[in-house]
Amino acid sequence: MTGQKKLQGIFTPNMVPLDEKGSIDEPALRAYVDWLIQKGVHGLYPNGSTGEFTRFTPEERRRIIEIIMDQNADRVPVLAGAAEANVRETIAACEYYHGLGVRAVAIVSPYYYRLSPDNVYAYFREIGRNTPVDVTLYNIPMFASPIDVPTIQRLSEECERIVAIKDSSGDVGQMMRMIEAIRPNRPDFSFMTGWDAVLMPMLMIGADGGTNVTSGVAPELTRKLYEAVNGGDVDEARRLQYVVRQIFDRLLFGADFPEACRMAIGLRGLKMGPTRQPLSEDHKKKLEELGPQLGSLFAEAGIECSGGMSETLSPKEIGRVVASVLETFQAQGRF
Amino acid sequence: MTGQKKLQGIFTPNMVPLDEKGSIDEPALRAYVDWLIQKGVHGLYPNGSTGEFTRFTPEERRRIIEIIMDQNADRVPVLAGAAEANVRETIAACEYYHGLGVRAVAIVSPYYYRLSPDNVYAYFREIGRNTPVDVTLYNIPMFASPIDVPTIQRLSEECERIVAIKDSSGDVGQMMRMIEAIRPNRPDFSFMTGWDAVLMPMLMIGADGGTNVTSGVAPELTRKLYEAVNGGDVDEARRLQYVVRQIFDRLLFGADFPEACRMAIGLRGLKMGPTRQPLSEDHKKKLEELGPQLGSLFAEAGIECSGGMSETLSPKEIGRVVASVLETFQAQGRF
Amino acid sequence: MTGQKKLQGIFTPNMVPLDEKGSIDEPALRAYVDWLIQKGVHGLYPNGSTGEFTRFTPEERRRIIEIIMDQNADRVPVLAGAAEANVRETIAACEYYHGLGVRAVAIVSPYYYRLSPDNVYAYFREIGRNTPVDVTLYNIPMFASPIDVPTIQRLSEECERIVAIKDSSGDVGQMMRMIEAIRPNRPDFSFMTGWDAVLMPMLMIGADGGTNVTSGVAPELTRKLYEAVNGGDVDEARRLQYVVRQIFDRLLFGADFPEACRMAIGLRGLKMGPTRQPLSEDHKKKLEELGPQLGSLFAEAGIECSGGMSETLSPKEIGRVVASVLETFQAQGRF
Amino acid sequence: MTGQKKLQGIFTPNMVPLDEKGSIDEPALRAYVDWLIQKGVHGLYPNGSTGEFTRFTPEERRRIIEIIMDQNADRVPVLAGAAEANVRETIAACEYYHGLGVRAVAIVSPYYYRLSPDNVYAYFREIGRNTPVDVTLYNIPMFASPIDVPTIQRLSEECERIVAIKDSSGDVGQMMRMIEAIRPNRPDFSFMTGWDAVLMPMLMIGADGGTNVTSGVAPELTRKLYEAVNGGDVDEARRLQYVVRQIFDRLLFGADFPEACRMAIGLRGLKMGPTRQPLSEDHKKKLEELGPQLGSLFAEAGIECSGGMSETLSPKEIGRVVASVLETFQAQGRF
């Protein structure tokens, strides 16, 4: 218990627009932050997996948080991804982001090497004891060393600065196991899901919110779903969950993650620029085909595309937007 | 559409009691059937994974269905596991069980060999074209070749005798993908979950029911959960789901599946007898420790143990029941 | 130590030819046995994974061994797959095959359910204590519960009737771990590999032989490879290993296992008949393309195809053979 | 073909000693380089997985190569790990290391995100087209996106600057697939294995050498094994391979990788200092138990420990060395 308001609601794991040279596009990032807040996201979550934290340098990661904190100007709480090369650098990032006023940091479990649970524990304990700012554990077993339930429980009991878990396993049963193990002793501890395909079921069995990639693309939808669950409107929540799942599956599996998100944000009329990951011709074609699919899903869901109302956006216009988005992708070369 | 009532509700994947020689204990099986129906299960599902179909001979599998159909006497619909050594034998089993009056059969995807999706399709198409009785596809990727969504969709469109999918993946998002792909064209097609840890979320996003191992041990609980969801009592459904999950986790992970189920049914006062799988000393000890844990969970949930009300069953009495259950396990030797 | 000669050399996991009704084709099976022995295999291994033991009934499995033992007439040692539905039935099969005079049985670890190592141990200990015939443990982790090194070691120390391990993991380091753990105490214990892609490296680090699917298709090659290693001709062994690997990869990955083997044996001029596993149109096409590839590999290796010398078999002739093989596959329908 | 000598022999993936503050211990690193060269390694491979490249900052990674190039003074070829946050940074590192005179760089496939094969190809093609220095592809599927055989083949045909693959899958069959696909068109292309458990089999089927963690701990052994294979002494090579495997298994699985290496190098009398990964109490205990095991293996193999001849190092002396190594580990705290 660190006295602050419990983390809840939908936090957007936001991407970082790049300019034609492949550098952080500050004006576009500021515009994206404004757009997200205006569309109703409860919080921002930069330097996460969606935010491609591994593809930026340590200096760039700090610069991203600086820009966002400045542009946000205290409108919504910010959860800053703070994982660095080692525990010393990570704690230094916690200190720096604390100085910038973030609500909390999120720290992914050590990746590349697969650590055993006891060393995952030792890693977060070291951070928990030395951080000046609240910490969210970030469990994403498909990319990093898994954080198992006994480890989360132990950390929640020993470190009051550790205040939340973000779980991207998508396993609803696992979420229940975590809540059961930790909530009785730590009612302030927050449970966030990163798996939008099951956002409604997660909220219905007791999760506090999510850090959902879909909310960076269609913040209106995830906000409405969250409110439908909280308002007890199960039928509406279910209806929205099916729409969210369709978009989410394309964002995750339509192309190598998170390339489809970049495309989809572009479809909403925002400037995202080229990617840092060289794309094969096959992948560019995949994205070309994905554009109209996402456009149709947006249209069905009544979401505006590219500055105009989606309902009135013709297939031809969607095609034009996709082409323009791809053009910036093509520009990547040796950015 | 084969004109019959859609499969829905909780079907119990029942175990088969054995006598001291390791043969089917017919009186005990009849008593177990009566007990389950009296406790309110919507249907029975013999010769499934819980029913250890692989550990019986082809003749024994037929005998099990005969006994159950006779004892059931049309009280509840029966879903009979019909997988045999090859497609010809499987179709023969479908014909035989049809003659006995089962509501439908359930056929697990080919196991041992891992088939590619197109051959899983070819296998079920062959069955779908030749079966006289409705067929439930059974997807259990941890034990058998996975049945993917395009395969289910294709089979549902080509074979009207294929009327349901039982999915034991536990993936709520996957259930949504299946419902989305198949329900529009086949409103009579039924979606059943075999993963009790998420029974409530599955029902809330649209599943029709489940074949749930927990219902063979605590049929009162799964029945209540099903009714709470259908009655719109979300809070009660959630409360029950947490209890079901605790029991389910022990049934699945407390010992090599399905040994803990045998123990747990014994705790309810029913005779199950020895197992056909030789157990190590470590495993016997695991089961010894599991007994009191399950006894406590039953007591908390207000479930009767061993003929008396659970609330009044003392730890000493639970110990005595466990010892007696284990004694029959010890008897296994070369049954 | 049971006094018998140590198992060594290349044992052929032979397939079972079927007639047009899908029943065991006894004359074709007898002809195949003769052909294999004449081509120089050291032993036969019916009712293995290649032999599709799971797709036959218990009665058929016994019939297969009867035919083979009769036809073999003591020419080569026979290793009979004896896994049945449960430990009692398995021991009964051991007794039956012992009466027929097999050299040893091979028993796959329990499959479908994934057992923990201590119950894998308990299963084989029960068999080891009650079998009248030597037992080979069969480890094939992609299909059945894994048998780990401590389990093999424990069984080798406690049960003298357990005389060999057949390992189909393909992990050369794992083979070394097994040899290191067991050979010092059991010099009579035999180590056989089922992974032809690395047969030469396995033999070079100390394995005693193999049960190799390639030997059922091209027995000349595996025999030569075995002799090259034993004769110290490393260069020739390496050359042959590259050829064997090319054939093996197609047998294993060219189509769902073991369909490509059936095709390949047909190419050698033997009658195999239809498969019991319904095949999709995609799969039939795959096999159609695979035929000429295998034909070319055989030709390059100087192996006769279809009664004529391979060097002189024209592409047109290969095409004709493939077409005829596929025709029998087409005949499968409801065999 | 870039005109340089083909990469072959045993390259040591060297660790980086740290001082008590957790910074690079330059004198100790220089001493370690001298020791390795003196013991006969064919080359050095800093900034690999063993070298914990992910736990250093970009500046530190450059500093490590500077120190090593300076100390090496052209005695052995150096293969420098050059993977950075993105393709632009990675190419910049290639340029920098080229300027320092490295023989080649090694670049691990993108990690954290799992890329599809076509984007793995796109990534390396971008590097291959822009690097001034020879590139070794680094495939380590347990930690990073796999590089499949068609991708390696395509890159080998399109980019002459890509001159080698380092494969840490340990799959001997896979090595044969690579050699078969690439060697005919690129005889200069080098195949290196990173899986010491099967170093001898890999060399016998045609690999050119290895980057072997064991060589950083016991360079005498891997050198002898390499020479035994090349000299045609199969029996000696096999004998050495069994010893190497025993050491390798402990280095890899005795503790979270690469902690046991640090310990083992300490046992050889070199100063390694604390680790950057916080260790649990359980893990410290594991290392404490591992020390004497490694000490015994070294003694059996006739390898000197800690300045004295191993044959004469008493258990008490090994205990003392382990204690002293662990003391520096304890010192880690917030280094």
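Letters are used for the chains, namely A, B, C and D, taken in the order the chains are written, and counting of residues starts over at 1 for each.
Keep in mind that, in the parts below, a residue touches a chain if its C-beta (ideal position, glycine included) is under 8 Å from a C-beta of that chain, and two chains touch if they have at least 3 such contacts.
Keep in mind that what you see is a predicted model, and the values were worked out from it rather than measured.
Chemist: Please state, in steps, how far chain C lies from chain A along the shortest route of touching chains.
Modeler: When the steps are counted carefully, the minimum from chain A to chain C is 2.
Chemist: So using the touch definition from the top, which pair is joined by more C-beta contacts, C-D or B-C?
Modeler: B-C
Chemist: Centre to centre, by mean C-alpha position, how many angstrom separate chain B and chain D?
Modeler: Centres of chain B and chain D (C-alpha means) sit 51 Å apart.
Chemist: Roughly how far is chain B from chain C, going centre to centre by Cα mean, in whole Å?
Modeler: A distance of 35 Å separates the two centres.
Chemist: What is the distance in Å between the mean C-alpha positions of chain C and chain D?
Modeler: Those two chain centres are 38 Å apart.
Chemist: By the touch rule stated above, which residues of chain B touch at least two different other chains?
Modeler: Not one residue of chain B touches more than one other chain, so the list is empty.
Chemist: Can you name the residues of chain B that touch chain A in the complex?
Modeler: 170-173, 176-177, 180, 195, 197-198, 200-201, 204-206, 232, 234, 238, 241-242, 245-246, 249
Chemist: Spell out the residues on chain A that touch chain D in their complex, using ranges where they run on.
Modeler: Counting only chain A, the residues touching chain D are 22, 49, 54-58, 85-89, 91, 110-116, 118-119, 121-123, 125-126, 130, 142-144, 256-257, 276-283, 334-335.
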